[in-house]
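The two complexes that follow have chain A in common; it is paired with chain B in the first and with chain C in the second.
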Partner chain A sequence: MKIWRLISGYVRHNFMAGMAYRGAFFLQIFGMMINNLMLLFFWNMMFLSFPTLNGWELQDIIVLYSIVAVGFGFSVVIFGNASRLASLITSGELDYYLALPADPLVHLLVSRMSLSGWGDFFFGLLLYLFVLPSAWRNLPLFLLLSLLAGLISTAFAVLTGSLAFWLGESEQLAAQLRMALLNFSLYPVDIFSGGVRLLLYTIIPAAFVGSVPAKLLTDFDIWWLAGLILVTALMGGLASWVFRLGLRRYESGNLVTVRG
Partner chain B sequence: MLTRYLFVARVAARRQWFYRRELFWRSISMILFMVVFIALWKTAYQVSGRSELAGYSLAQVIWYLGMAETVMLSTSRSFVEISEAVKSGSVAYELARPLSYPLLQLARSLGNSAPRFLLNLMVALLVVLLGTGQLVGSVPGLLAFLLTAGLALLLDALFAVLIGLLAFWIEEVMPVYLIYQKLLFSIGGLFLPLEIFPLWLQRAAKWLPFQLIAYTPARAYVAFDVGELVRGVMGQLVYIGVLSGVLWLLWRLVQRRLVVHGG
Partner chain C sequence: MTIIKVDNLTKTFRTVQKRPGVRGSLRSLFKPEYQAIHAVRGLDFEVATGERLAFIGSNGAGKSTTIKMLVGILHPTGGKAEVLGRVPWRERAPLAYQIGTVFGQKSQLWYHLPAADSFELLARIYALDLEEYRARLHYLVEIFDIAEYLHVPVRKLSLGQRMRCEIAASLLHSPRILFLDEPTIGLDVVVKQRIRDLILELNEREGVTIFLTSHDAGDVEVLCKRAMVINHGEIIYDGKVSDLRRNYLQTKTVSLKLAVPWEGFSAQGVRLLKQRGYGVKLEVDTAQTSIEQVIAQLLARYRIADITVDDPPMEEIIAQIYLAQTPLSEEGGAC
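Right after this comes the complex of A and B.
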């Protein structure tokens, strides 16, 4: 219960902090929505030349984009600090979270919000609701799948950020791995052949962020859904375990900072 | 006068080279991009049973993407530095230098791009060669690519400085950059050669500067043609002139707007 209060308190606080600069806030949301829309332009052109790609049509790609955008948006809005984990570790800034009674991992994850993430979130939701037929009926499933996608991408960010406990300066590596997850999740997993496909179900689990939930929405299968929930739980557990393991190696930076 | 800016560019290039480990990680972006697109285009050509699309064979499309991405991954991010300097007020210190601030930023930006461009080019050549098993292009094509890519990076640096200076008016310039970047991705021809677009869009795109940054160099490499090259270079020079003029005007406006309160 305490953890929910912590999360909701931070979300409210971060949102209000963002709204202090209202112009920048709305510009970021609007910019991100246009940004995403223009990525869809590519697919539109592609499907003009090739109507189907290994069973994927434009409508399936729109489902894929909606889920990834809402899931990723949710992840960076609520857990916006995950992308800074590696730099927090190397600069010794974890001390602040360790000295407080709240769970340090959850606390550090929620203490920042990506404002442009709202743009991803609303883009995905609007795309889903207004472009796809029977969208309203499947809305609860869509939201559940997006939530799972978001949790997997957060867990992945924690895992890649935690590499800094062992490797030292590895912000670039963590950023590249996060980018790889996002990039690969925006393409149908069926276009990739053996080795790469296996990679996308394991080391860079992009298939579980994009293609698997998208397939579930258009062609529901209870066992695949159960599998996706299991993968999310496993990823979450693994991320939490690796972070705690890393904490044992963590050395304080003795950094004196003032937090407002 | 020019030697000062060349010195700035050289220092920026050496600084990039000093942090080559970071450069190396960045080049992974190229590998990821090419893995995705090689898979995508191979599937597309295979499924449709086509041997060419809008005059491009599979190998040509992949080489085109590799070359376009080489330029794209070497583009400037000076808007970040400029907008932060504007927001923090440290731009005042930069103004005290005996150099024009916009030209200083352009020189720094080109200096930063040069080592990244060389590394990206080497990675692209390697990845595309492994991915396609075919060498596409020619020596004149490569020379034309180097010329047009250089001009493309200058054009892009002008855009980046202009976007950075917008920080004098708007609080956050990142959304503007993202839109500019996606214009390069789409009608700039990064993801798809312009010939694949519907005719009306091709015509519109050809008048805009974005295709001069991604499409022109990549096209010069895979399908070298003197007439096309001359048209491309002329277009690049015209837009470099136009954007330089806009930058000059914008900088005059900025100087009127800037208030320095001691420090």
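Right after this comes the complex of A and C.
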């Protein structure tokens, strides 16, 4: 209950802080939507020449894109600080969260909102609702799958960011791993084989962010859904455990900071 | 009643020592050499409820590291500590409800939003009852006199106005101990005094225990009854501020900018430190004479364009204490 009050409070404040500069706010949202549209345009070009790709058609790619966009957008809008975790650790900015009684991981994750994430979120939602047939009927499932995808990518960001507890300055590494997850999740996992495919189900779990939920939406299977929920819970638990383990090694710092 | 108890607390940081140049960087990547930095070495002390304690030391002496261990931000390397009967790094969250922190260099207010919004968010973080929060806010706004800035974005406030809001923010949940790390850093003299008055008032009205670190000898003199001096992670002085004042704070520096040429000045307890053109710096021994008397005499003799009175810098006081204590500690009797 307390945690919901905290999260809703932060969503409100982040939104207000974003609206303090309305022009930048809408520009970022709009910019991200254009960006996403460009990517989809290239897929469209490709499918004009090759109608299927290892069993995936343009419509499946659109489902994949909309789930990843909504999931990723949700993740960076609500948990916008996940991408800054490594730098928060090395610059000693965790002090603020550790001096307060709320759960430090949840608190730090929700205390920033990525404005461009709204662009991803709305892009994915509009794409889903207006391009795909029978979209409205499956909307609850679509939102659930996007939520799971978003939670997995947040947990992955926490895991990669937490490396900074052990490695020190590792923002670049964390950023590359996050980008790898996002990029691979936008391709159908069936086009990969062998080692790469195994990698996408394990170390960089991009399959669970993109292909698995996309397949579930077009071809529902309760066991796959249960598996996806289990993976999400395991990733969340692992991220929280690693972060807590890292806190024992936290060294703080004396950087002069303001809260933005 | 003891509110903070610290027993042989130590903190050692391990850092990779990098050799210069690209080759050195590569070498420390594959074969790192670690260097231990002993930030805090075996601190022992107790603080009683309602005390006003100054914890002073130069940069890197271990002040912030100690505070961070006492509030549970850092895990110590060894030793014990209890704050309000709890081990801070193990019971961080329950402890956080009962203590407040102000880090002069780290803001807890949102830069782009008015302080009122940050207060509202803090009320959620501390899970305060809405009615109680409103009453408390009303009370703090009145004491701190911040009603007119409450709805101005924090980025538009002056440093002094912001610091008043910062301290008010740290008191919303009625903490029993307030840790202040350099609360007056960067503030001008008048604002400094105002902040000090507020902290004093708080201690007297609510019995909040004050644990303060500062670089400013003035903060310590005005605010605290007891002072602990830390140097290289060890306590080298723990005693009354009045003793500290008598022994180490008895000189003040008077800087003058004259409107007429300097012709010399002699009085008991006054020593000329520097004179260049119309600028003069004097050291006044307040055990022998008073500042008022010296200034009156100076005004009677010279036309003065500008005058400032300063405490000796903290570094100088610490160096003096350190020098005075060294022979004792070699005999094993110090601290």
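List of remarks:
Basically, the second predicted complex is superposed on the first by the 253 of 260 C-alpha atoms of A that agree within 3 Å, B and C clash if a C-alpha of one lies under 4 Å from a C-alpha of the other, contacts with A are read in each partner's own complex, and residues count from 1 in each chain.
FYI, contacts are C-beta pairs under 8 Å (C-beta built on N, C-alpha and C of every residue); 3 or more make two chains touch, one makes a residue touch a chain.
Being a predicted model, the structure only gives us computed values, none of them experimental.
By the touch criterion stated above, A:Phe192 is placed in contact with chain B alone, chain C being left untouched.
By the document's definition of touching, of the two partners only chain B reaches A:Ser49; chain C does not.
When both complexes are overlaid on chain A, the residue A:Gly9 reaches chain C alone and has no touch with chain B. By the touch criterion defined above, A:Gln28 reaches chain B but does not reach chain C.
Of the two partner chains placed by the overlay, neither chain B nor chain C lies in contact with A:Leu234.
Contacts of A:Leu139 after superposition on the shared chain: neither chain B nor chain C is touched.
Taken together, the two complexes place residues 21 of chain A in contact with chain B and also with chain C. On the side of chain A, the complex with chain B involves touching residues 21, 23-24, 27-28, 30-32, 34-35, 38-39, 41-42, 45-46, 48-50, 52-54, 116, 172-173, 175-176, 179-180, 183-184, 187, 190-193, 196. Chain B makes touch with chain A in their complex at residues 21-22, 25-26, 28-29, 32-33, 35-36, 39-40, 43-44, 47-48, 53-54, 170-172, 174-176, 178-179, 181-183, 185-186, 191-192, 196-198. Residues of chain C touching chain A in their complex: 13, 16, 64-65, 68, 71-75, 92-94, 96-97, 101, 103, 105-113, 117-118, 120-122, 124-127, 153. For chain A in complex with chain C, the residues that touch the partner chain are 2, 5-6, 9-10, 13, 16-17, 20-21, 94-96, 98-103, 107, 168, 247-248, 250-252, 254, 256-260.
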